[in-house]
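The same subunit A turns up in both complexes below, where it pairs with subunit B and then with subunit C.
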Partner chain A sequence: MSSDLSALLSATFYEKGDNHRIELIHQRDRAAHRRLESLDLALYDPEGKGLREVPIDTRQEILDLGALVGTVTDASPRVMVLLDARYDARIFPYRPHHYGFLHRRGSTAAALYYAANAVLGGVPDRIGATGLNNFETYIFLRRPLAERYSVLLGNPARFSTAEAQVTSYYATERVAQPVALPPKAHVEVPLAGEHAGERLQRVEIKALFRLASYVVGRRADSGDLVLFDHLFSYHR
Partner chain B sequence: MTPDAASEPLPSFLLCYCTNLTLDELRDACTHGAWPPPGKERTGKLCTGCLGDLLYCLRRFGADASSP
Partner chain C sequence: MAVSLRALARRLLGVTRTPTYYLPWLTLNGLECALILNNVEARFKPGENQGPFPATVVQYDADGSVVRECTVSVRDTADAVELPLVPTSRGYGVVTVSTEHLRSDLYVTLSDGDSYTATHGRSEFVETYPRRVRFLLVLLGRLLEPLGRTVPAFVRDQYVYAGRDGRSHLLLLNLSNVTNRIRVVVHRDTARAAAPLVALPPRGARLLDVGTLAHVDEALTPLALRLQGNAWFNLYLVGAGPRDLAGPLSLMHVK
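So, the complex of A and B:
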């Protein structure tokens, strides 16, 4: 494989019972189907144990994560899915994204669509990023909360434990939760909807390096997913 | 870095997805006292996702990990 290919590692989380499909990035025009050069998928349990690695045929447009995870006999209720892609920057001049479709089987909640979290790669020198501190934030709706919120965090590193701080912001108070994740481990960090009588307004993740992260909302009564989205990242 | 740590094999893989730095390239650069190699100066500083592994490997290979 050519060494001048660009690389991108994306991450998502599959939970048992979900109909969860990933649309592989692809471009089409009249002349050609333009695809990734390669894509390898890997599954990890919450402790970071590798469950399965699968080379994906990039001619495939839709991946059924349930079918892939279903082949793992001892899969945990939640697994981290890493999508390791190589692509030609002449075909994808901007960082390609995979897109997700997510719906709990039997749920009356609407299906969710999201852009898979790009964790490693795809930030060229021209961006001029200079800061090393990594912040991500998400602002919640102001209406009364009928959902339970949380943050899903995963560490894509091979060797290093990731330390992060998840801070929930209320009108005048904030609550910080430290998280330490060994390589490939992942965790769901619950966020209290209220604290000292004040409603949850915002969550912020601070880490030395970028992690796989999603903000999640579940209906308080049924647990059905109503939110699965990336946070907004910026460098200082 | 101790000689034992230097000789302990690590599998080769792509370490930095932004600069295309492989673990072998990092190891070679550290072995020859030439870290960072030309064109790889921004390793760990762009998407930042590899920074933890980069610092770990720099320490393992005996480079100055205070300013990757």
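So, the complex of A and C:
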């Protein structure tokens, strides 16, 4: 990832068995496609080991992540996918973004659609403001349901280990979990739905560097995804 | 240039924009739909982080009628108020929340009793058209309707997905006080599959079944939609599983 103003680095996670599609350009208008100059995709296992790098034909509209990851022998059950997109600067002020469709094959749960995490770039006047996107929060429905919650974190950095603190908030208590991620490593951090008799209300992620981050909800019985969403920054 | 021309046209026509936070709601097949109102994102903003934070919530049905209007108070930035929405026979629509005091994204949740899905709303605006413009749009709409066309004042592009195991439907929200005729041009691969014209009443909504737009194959098939409306509108995707609209559903905002 360069400091080119027209670059956008996005991250998502692919899990084995998912039907997972990524839209190269969310808006299909011709101008947007003309302005996507290149897209390089890279896959990483949880330890940060590079599995595959693929230059993508920008004339394509939608990527089938399952088909791409399927070409990697002994891929781990979850891989981090980094999408390094370069745009002709004339795309701005439109904010480029990748969106995705996600559904476990055979699952009875609803299909999900989500905005891929924009880890770096995409909005020229925000580049350089490094403290903006690494302090995030998400609120949960408080009623107890047959669902497990977690956050998925990935470190897109090339050289630096990133430290983060994941704090779960309950009515009167909070539980902090420190996380250290080597470059390109990723982890799913479970959040207890209940602590000391109190329901999980909110999660907060603090990190020195911007991480790829998603809040995740899974059905308790099958593990099927029901939540896969970005968190919200305190400082926008 | 297009933006400034649009602003000029709005001024000439006397169209006003009112800042509004809006979300979709959906209670089909007994799904429980609730808002989570909060002001957590204002936690570190001096001058904005002292509660309580009152807000007015208006729930509109698919036909644009008001189902419920209420005032809610969020106590402080650590508080989150869960507000169940009222089920109706149509089962979906738009809900607005006043944002004079709330400076945070708000959530809408759907639960089948076992688990829940969630998304957030949009802090944008609703448009109000004066009577003469409404009359003009009605007239133009009726003229163009037999041709399957509309006044393409606003255009959006969106992908939807259709397959036996899962699909994404479209929930269209009319964010104006005129009937919004929206033309949905559907492409499958490069071929045009359909171009239905749907009319949404003022502040109304319409759930567009992806199965009516193209034949649903076994394998997941993306469809590219271009939506043109004669007034301001937005859309959410409604995710479904193998039981389609009779099963659990998800909602998702788009750009």
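Here is the rule we use: the second predicted complex is superposed on the first by the 209 of 236 C-alpha atoms of A that agree within 3 Å, B and C clash if a C-alpha of one lies under 4 Å from a C-alpha of the other, contacts with A are read in each partner's own complex, and residues count from 1 in each chain.
As a working rule, a residue touches a chain if its C-beta (ideal position, glycine included) is under 8 Å from a C-beta of that chain, and two chains touch if they have at least 3 such contacts.
What you are looking at is a predicted structure, and each value in this text was computed from that prediction instead of being measured.
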First (subunit B), second (subunit C), both or neither touched by A:P190: neither
Touched partner set for A:A110, first subunit B, second subunit C, both or neither: second
Which of subunit B and subunit C A:P156 touches, first, second, both or neither: first
Which of subunit B and subunit C A:G50 touches, first, second, both or neither: neither
Partner chain(s) touched by A:R210 [first = subunit B, second = subunit C, both, neither]: first
Partner chain in contact with A:N134 - subunit B first, subunit C second, else both or neither: first
Greater residue coverage of subunit A in the superposed arrangement, subunit B or subunit C: C
Partner chain in contact with A:G223 - subunit B first, subunit C second, else both or neither: neither
Which of subunit B and subunit C A:G17 touches, first, second, both or neither: neither
Touching both subunit C and subunit B, counted on subunit A across the two superposed complexes: 235
Subunit A residues touching subunit B - in the complex, by the definition given at the top: 3-9, 118-125, 127, 129-130, 132, 134, 156-162, 208-211, 235
Subunit C residues within the subunit A interface of the complex: 34, 36, 38, 40-41, 43-44, 78, 80, 82, 104-105, 107, 109, 111, 113-120, 156-159, 161, 163, 165-168, 220, 222, 224, 226, 237, 239-243, 247-250, 252-255
Sites on subunit A touched by subunit C in the complex: 19, 21, 23, 26-29, 61-62, 95, 97, 99, 101, 103, 105-115, 137, 139, 141-143, 145-147, 169, 201-202, 217, 219-220, 226-227, 229, 232-236
Residue ranges of subunit B touching subunit A (in the complex, touch as defined): 13-14, 16-18, 20, 42, 44-53, 55-57
